[in-house]
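Chain naming follows the written order as A, B, C, D and E, and within any one chain the residues start at number 1.
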């Protein structure tokens, strides 16, 4: 029975890659409107869980329900259209396209993206695009890279690519945003920007899942947190509980 | 033996001015968050990343200019973090390639020694390495690196993907034993606490630079201090 | 039509376009054929006809005071390349008076261009599409491929074979004669024990050779390019006996012989091969003049002797001489003018002087006489579709030369073609 | 039945020639990561070297040896002088495909400009046909089959059991680790190119012997079939290449015997496509990992 | 200008437009979307054959010397449109087979094989398209206009071709520089990311396969009508690489660049070689053309991998954006290099 306040329910999902049990029966739920943190040591299976939710990897077993609807095994474009948007752990931009265009690809598929519309409804998509462009510019300004709008994304530094990727995900105004270590490789000056951004998103009511290694940040932002280790969920609860939980503490530092 | 090393890829500097000394019979441990440059540091030693500045010595000889494939004969061995075995070769073939520079007749004997050292591997010799479990695979990678009996060993997260038992075996058992037999070990580990327990010195690396180097005893058991350093809570 | 392959490359003094500019006062005949690609033999083959004619005409003082120049232009053997090449040629030479060209590979696309440009084109295409063409600038001396096929069937009958196999390449040249050859053999009540079409250019025909060997024909009626023939017959000789061969002018091409000798050996080839070719009394005066001029043209034609029995070369020689005489008769080198005189200098007419060389024709015309040029291939009797057609003979290679072993009568060929 | 058996015999001959070349092609790809579409040109060029030697009276089997050495050297030279610099220049896998095509075009047409668009054949009698039940094979064909069997066995065996072979396989999957094991990667890569080129040379001469006449583009035309065999077997796997060659060879000849022989290649290619639809990685695909060609 | 010169110029112009159309088709697939279609020439051929059969009339109509399964005599522009439809449909079928399951390097090789298979089939099964003799006497629509000179007719055909080119060019601009084109480029750049953003990469590839195939077919239809004949020797598989060279030289993904590349490589090189002062041996000239094509490709990949006119970087100018929401504000989005 679907939980009323849970947007996403993950039950007993498992995935192994040629003998490696990356995820081994993980269950947790993501409350609607929450900023759920996901922590765990390297190789705990966080990214794999994320990929399964986003449809990039089909789980071997288990169920994933979004708003009560089963999405496990749905291919990633379809999952994305249901409003689940993810970022990648190694920032994944479109290198030979400008930053602004990268952001525009974040907008959910819109009218200008079919052959007929691209050709015959130019006015309409021009208008829509103009709106999207100004929105994208605002976002770039917020991200502090508005000067880079016309640069090829491939020429950016790692941290800037990350910003572009987050920006792209934000453009899509998803139901569920999955962020895989958005702070990794981001400079100290940019990190607070992203942090503020994520906080804003939560305040605006978006549901976010955040994978992050920096526990202080997780503590500041996330509630609840899901702790993964060795492909299983160790606990789900508040960060303080997690910190206090010796098992978690040991798992996080020791494995 | 590392002196002011800066390294990176394609001219882009990732590791800045790192100096670390490792000595036979001692374990040095490098810890730090993801992307700190730990692996790059090791790759700089093995010539897989560009050495942009600084010099590297191995047992008194400078090896900063030595091509990557000559380092083995100088006694250096390396277990990479990822891609640590030859996926399509069998376990035995992996070990044979590890002993590429050994005299032919030594190879078989040395493989037997390795199998004794890692009994788990002995029933896997005919298996293709790519289909091993993560832990088995890592053991194989370590065994492969040990084939030429190196005098210095670079281990990049040898316990990643290992089960707790396996981790124990590797960290508590094998590595100290190697070290005791006179090998200089440079260990990169995410399992900081366990690594510190077996190490002599700990180097905390953040954003491409060594933030502190301390004797391991100072940190042992002091989780909070370690967490502070390691998680970047200053 | 003739088929692929050659060792000789035509060489002229300067490039096609340059020649037109450099030799003012001269008139130009283009050798518009494939010099590259699978049909690369066509070009040199036509060159072996054009250059001897050029030599003789110029030796006789040229045409109306103009020197004649042969210019090679590569059609590459495919229509898409041939069309721009033809248009470029027409555009860039102001003194182009005639074209040798448009083989079976390109004729349908380029002949209309020459028609438009009002330039006479002497084609060697074997396609039936031109049997009743309305193109007034189109001229064809040799019979179409269909007639060739019938002649091959008639030859099989004449040579007394009962069990006959057909073996043709799937290229356009071979496919021109294949249908009439097969239907002819059937019409003559011979047994067709095998009828094979080879996909040209394959690396092996073992299955086909095996099937052929099993069928045990007394003779194989065949046309295929050198490489295909060589591969097939070399494999046939490995699995069994190579029977007699009834071939077409392709087998007189040096490259075909070279390839086949490599495949089954010279004596084996010469004992078996009966080439059914357009009959021309190769002992005729015109032919002797041609061979002499050909052998003297070694500057422009590499290894000239390899072409001396090649019917297409001979026909191309006759084409150039005919054009030249028509110009003399018309007192004009203008293509649009002299085209109408081509039949006049070749058709038999009462009181016409029969000539066998350009010099003789020119002299007779100068005296105001009407002439009939009887060429190296024989009389050129163009019908109203500008097709001349020819007789056929069976030839064998004896002591280093092609020898006529018998001539096929018109009745014999009619029996095979049913026309 | 006898039709089938004799067709099978012919299939083995075709397969033998294919196997030599396909193993060379695939070996080189797996070790060096360059999809070398100039391979057919190397075959032709070496085949012509053998032709020239043969013309001055050298026995064809000796000439084949010379062609092997020549093919090896040409391959090494192309790699060192062209491919390596381009790779170091940052040209990606797809760009390299285009470059190898260009090199092939330049070779073929350069050769054609020199020798002309003519036909050539070796001076080598095929020998008497030998009958084994329904198999009919000439001495020459038997020799080619023997050479193919020996060569593919040697290559496969060397890869499987010798230290250098293991180094080559190791290099194919993990160059950095191979270097760390002390493998002199540069020389091993050069060796791989040499062996591949030598196989191209032998394959070229065998092909030219078999079809008895050849031109300056014969090798490149045959390359498509080689690729089909290699892809069918799983690019990068010498064992797969041999199996692919067998499938292609037998399907073409048996198919040709029972069906329209003109379409026998089509049949083989269709088999290849169907196999790929069922097993997208080919029959064996152990050495090669997925390589994205386009950007 | 003499009639001959006019024909020559007309020919060049026709070839430029036809090759530009074809190169655009390939550019859409390979340059913009990253699909390596080594069978591209096949779709040009399909277009040519289709147009021929739709305009020649029944096989018996020209004396019955040509064999093809069926034929009708339809007026311009029906054959051309039919060619595009058939070309697109066949493209779709080939795409369904190759694009869905195969990895990209295998895709390329399978395409190459498909191209060869098609040639063998057409040459062997004479009834399909008259074997290697090919189809001829294909009517040129301009020649049916009576009452004008032949020269005028040929210029009319140039007009038809350039009209088609402009139309295809406009479509190319429309597609490439639109949100749709952005999705295509995204597919080329990063498949995982574009799928994570809710776009179906396989579908995008299929679509450009069909559209590009239709463009290829259009070029083939025009070419066949112009030269009046179409045979397997016109579409041997190496011809595809000429288009690849055109795309690389012009600039992958760049609409105007590729048109220039097509003019330069497909027409320019061939014409220029004829004027080279290196003697007359036509054999050498033909070889030289291929050699130059090969060298040009390598030269560009070394010196200027982005091509003559690199793919445009789309900039959105801010000031005009502010003035926007007026309907029909085409100027709002400015394209510059």
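Structure notes:
Here, a residue touches a chain if its C-beta (ideal position, glycine included) is under 8 Å from a C-beta of that chain, and two chains touch if they have at least 3 such contacts.
From a predicted model like this one, the values you see are computed outputs, not experimental measurements.
Each step here moves to a touching chain, and the least such steps from chain A to chain C number 2. Each step here moves to a touching chain, and the least such steps from chain B to chain C number 2. Comparing the chain pairs C-E and B-D, the larger number of C-beta pairs in contact belongs to C-E.
Farthest from chain A, judged by the mean position of CA atoms in each chain, is C.
The most distant chain from chain B is C, comparing centres defined as mean Cα coordinates. Centroids of chain A and chain E (each the mean of its C-alpha atoms) stand 42 Å apart. Spacing of chain B relative to chain E, judged by their CA centroids, is 55 angstrom.
Spacing of chain A relative to chain B, judged by their CA centroids, is 33 angstrom.
Annotation for chain C: residues touching 2 or more other chains are 9, 35-37, 40, 170, 197, 199.
Among the residues of chain D, those touching two or more other chains are numbered 112, 116-117, 262-263, 265, 295.
Residue positions of chain A with contacts to 2 or more other chains are 96. Chain pairs recorded as touching, per the definition above, are A-B, A-E, B-D, C-D, C-E, D-E. Of all residues in chain B, those touching chain A in their complex are 33-35, 130-134, 157, 159-164, 167, 190-194, 223, 226-227, 230-233.
On chain B, the positions that touch chain D within their shared complex are 46-48, 68-73, 77-78, 80, 83-89, 93, 96-98, 100-101, 104, 144-145, 148. Against chain B, in their complex, chain A makes its touches with residues 18-20, 41-43, 181, 184-185, 213-216, 230, 249-250, 253-255.
Here chain E touches chain C in the complex through residues 2-12, 15, 62-63, 65-66, 120, 123-124, 126, 131-134, 136-137, 150, 223, 226-231, 233-234, 270-271, 274-277, 279-283, 285-287, going by the rule given at the top.
Those residues of chain E whose C-beta lies close enough to touch chain D in the complex are 30, 34-36, 97, 101-110, 112-114, 116-117, 120-121, 123-125, 188-189, 237-238, 241, 244, 248, 283-284, 286-288, 290-291, 293-295, 297-298, 301-302, 305.
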